[in-house]
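Next, two complexes with subunit A in common: one pairs it with subunit B, the other with subunit C.
This part shows the complex of A and B:
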């Protein structure tokens, strides 16, 4: 025991740090390799030219862009544009609604404020899927299904977004109220307080709201499938591409499907890379005071 | 003032939303001519077919528009919906669903249940009967009425194999095939753990049947099922050989050949893909035999059909016109076009004789398998989910009792499905099988009777229980008349009726008073 202790002292603080750091790094590298394998596979498969089905190996024997070329000969472009429109509009509207909601609940004191917040929380506890059938009927009666699924989906995504105010309200609560008061004393209106004082300080949370609102429609399948109801004009990428995977089609479309997956990942990845430093700040920022 | 403004704004929003709802469903047909028997006119229709034939179907409908003599013009919107997905999609929203659609046969019962198939008229029914093979006609027939049009007759499966791995002489034996695959480090693909359709192959081999009676509403009313029988046990043992092999993969995907499989059980739709991977090494033949206790059983298969259905319409003229179109689309010419473009094997008797069809390797293999195939009759839609778990349960079983338990479990679920009620006189005479319908009591006005032969044995006992259940207790303690014929002591805690001697007895149980009377005949 004694010898061990002395040895440790000999090694010094720097050496122990180096060892523990390298162990951690090796571990992290292993974890990230495991984590990245599926993505690497999809990218590699999307360049495979020799067979269009699923195969038992990862590295293509013949490389090429054929899958991407055939991808854009299908309805994929339409689905991509649909999803992009939904994502953009959703990002814009949802951000406005969520920020207004959070500002109001954070700064204003009005009758039934507490009751309203509790009510929304309880409402939020019900899974959204419960409303699916009735939503479909309502949208169908409004004529917002099938080929008009894009506005229909925007309506669905945006309509309930006000209830997602928790994180940003938490963030607003951390901004001292005395700042508002000082501005108000100087003659600023409520609107000016929001735009000139709160929002500049709350940049991370604004970015976070935009990001989540933009990303959600890319992955939605269930609602999008229901509302587009087999009409390719109204499909988003997830629904459209899923149809390539039927039993008699999968071997013809599998590599094209992978190519589609890569193309879908591009805008989300770019946006995420540009805004990621705000993202982390935004997620944790509101957590200090809830 | 502000509040009034807010209210006005809210109303304005509501109305602007309502304005979105101006578009009405394109259900109505325009300019049908005045003649009451004439079908002439332009109809907007929606067609649901598999992705693979959307372009072809568009072309065929155009051909119909140009050639039909009734002056019918269809303005068709073709949408890609998988044949296995039709019922689910259709039930979601019948109104917005396709007016005409191609579906796999297993969807039939569910579509009938949903009222989604229009009955064929006399003329159309006769045309279908005259031109298609009888099995395919049976597939669209329910209680002597026809509800659809056969499209293909090759929805069955057979065996593809890699000639470079499997020697020609081994293809008839399941055991040798497994050996060859294991020896070469290759796999044997057969979807046994997730599909009742493939799994039934083993049961058909030993002569088991699962025949359902379906009523006009698509509900299962009766069942003749022998999967849970000594033959079923043999079948399950044969299946376990493959399931237990390290070479087995539960899959039915053509691309398995690219990932190390040497044998694949699949259907004609995989032919082009398998050909692309194996090239000249492609072998296609009937399924092998398996050997249990010295006897060979040739594996069976389902032979099913793809069918075309017409959705019931509110407009009788449109309905009639749609039936005309369906007849055309399932006629000889369209079936051959589908074969030429997508290798869909025809159900039309004339089209089947076509030299190209007869020479196709996939069609040859399905014809080789045909003598062992069971035509897929009307089966309850729920059966597929009940039966598919047999695969996993048999694989997990460690001994014969475990395999038997899997089959018992299957039968209980089937019985529950057709609503087996009533009471069973369970005991030594039927091996204590509480789901044994041959010992079910016959009921009349709340009085249940059964006559049984009790054979000489150590313990000639039993009691009345609810079918498939052990809960109810009607036994020795309830016996009044004939108490001298039984040994109450021996019945013990289970309240069993134990007969003192062998013989033929009639047991009568009155539910209201819970009294049992026994008479020796």
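This part shows the complex of A and C:
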């Protein structure tokens, strides 16, 4: 009798779990579809050949690669290269700076360490936009605006890299210090400890840092617009393509804009698809264990 | 191979906590010295200062006559085995052992020879291509030892290397360390909180408490002549029985009167007290459990009640209390007991104990120092 009751309760629990799981999954599917709609629209519009402006339907009547071909006849290639250079250099420099900073704050004990971390945390609470005017003045004096906006933008993005040490430091804190000590006794310098022992163990956080450092300038509009100051030579893709959406341009360039959007998304999508596992490990590893 | 000399070494942390006070010790070439003491006594800190992993606040450390205070760990020519093994998880066993040699840019064929030789000595040849996570605790510890072995260092430091192993494996590894020591024939500094490890491994033992050295001596010295109550209690298991009593001198013979029984301090101990001209008075008397014997009721027998009888296999640990509720432990080899006596040794049974003068230890109740120091 008792066994039957337990069995019934067990079956009931299983049914409840199955229902709640189904509801959650249906909800997630709906959210995913809603989230994907704009992306699907952009991809479909990029293949539309009959009209170049905005239309009231999604599926093109006439398909083709014309928009992609026209895209590369504009300044798009230059903007794309500009963006790629900025993102790549920033990813390289920022990763090195962030990882060195994080390792230092995780492993070394020095005077004012705590104060420095608190100071950086408070500084990080202010929006970066506040620095725009002074940054522009400084970069203009250095000759790093307008046509020279690419190195200027690299400088802006890299300059504040050290502030983003939190997640990596949290991850490094979870790696036992005795590994560093063993390596130092084995004859390694601090630099060798970082590169031969710590970084191979921190692969997820290294990839997370590279991805975030690559992504930030890849999609940036505000700083890029301000510093390039409407000079097509110094523009990145976001600024350049935005100019196609002005009232007098949108009807001529809308489908080409969509094609540009797809081309811009391709490298980031590939990167994410390949490195998604590490990215998630990096975020959760740093956040949970830090 | 080298000597290690610590002179007035002190460690003060940033929060002004003094972890090690004026540590003076000279470790001879090829000597096996064990630092032993309870948690927080400063033994690991001292070892880490020798390794260069901890800064020295005051004093000097010399390795082979050279002051190494400001040298990096890599420049001290030492090898170290860590408590938690500290194996590099992303490297194979082979690469773990070869790591230091590769940093020294030793030719790859020599690395191969040294790694395989170490692996053979330690019995880990079959695991060379595995990652540390695929090994058991004992195998990992062997790899950690192998990593230290291949360096041919002057000094071999070990920080509680067996404390993460289970009791059986610990005994096995302890024996292996003794064999390893014979093979390597180098200077060892070993840290442990386990007095059995200290007694079985060390040529000399350094007993520490609260950052101070309590006693330095051979295992026999610290066991037979503990310098103070702390050492007496720390060395030996079960720990020494200690109780307050009076020391009297009658007709040139010393007597103690524990629990209303008058026992003569005869033999060497009596002579030693006389030589020291020990003044009669209140003392703390120490007697090791193995030196207390069961006796027949009589003039020199202390009446006790048996509280717990622990069967340890080859011996019994009898926890008894006297009439004034003082608790004592008696260690009795089972081979000395007949079946009838064994059956009588149950909780609540009346037992009589006694001990001879030669096994007594006398401590000043105020200073806790051994009166025969």
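Quick note on the criterion: the second predicted complex is superposed on the first by the 265 of 290 C-alpha atoms of A that agree within 3 Å, B and C clash if a C-alpha of one lies under 4 Å from a C-alpha of the other, contacts with A are read in each partner's own complex, and residues count from 1 in each chain.
As a convention for this text, a residue touches a chain if its C-beta (ideal position, glycine included) is under 8 Å from a C-beta of that chain, and two chains touch if they have at least 3 such contacts.
Treat the numbers as computed from the prediction; the structure is a model and nothing was measured.
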Task = Overlay done on subunit A, so just call it for subunit B and subunit C: clash or fit.
result = fit
Remark   = Comparing subunit B and subunit C in the superposed model, the one touching more of subunit A is B
Task = Kindly classify A:187 by the partners it touches after superposition: subunit B alone (first), subunit C alone (second), both, or neither?
result = second
Query = What is the contact status of A:200 with respect to subunit B (first) and subunit C (second): first, second, both, or neither?
reply = second
Ask   = In the overlay of the two complexes, what angle sits at the CA centre of subunit A between those of subunit B and subunit C, given in steps of 10 degrees?
value = 140
Inquiry  = Is A:176 touching anything from subunit B or subunit C once the two structures are fitted on A? First, second, both or neither.
reply    = second
First (subunit B), second (subunit C), both or neither touched by A:274 = neither
Subunit B versus subunit C as contact partner of A:69, first or second or both or neither = neither
Request  = With both complexes overlaid on chain A, what's the closest CA-to-CA approach of subunit B to subunit C, in Å?
outcome  = 15
Query = Touching subunit C in the complex: which residues of subunit A?
reply = 109, 176, 178-179, 181-189, 192, 196-197, 200-201
Ask   = Taking the complex as given, what residues does subunit A use to touch subunit B?
value = 51, 53-57, 136, 140-146, 148, 151, 226, 229-232, 243-244, 246-252, 254
Ask   = Can you name the residues of subunit C that touch subunit A in the complex?
value = 14, 51-53, 72-74, 78-80, 82-84, 86-90, 99-100, 103-104, 147, 151
Task = Under the touch definition given earlier, write down the residues of subunit B that touch subunit A in their complex.
result = 17-18, 20-24, 48, 50-52, 79-82, 84-85, 89, 92-93, 96, 98, 252-255, 258-260, 269-270, 273, 276-277
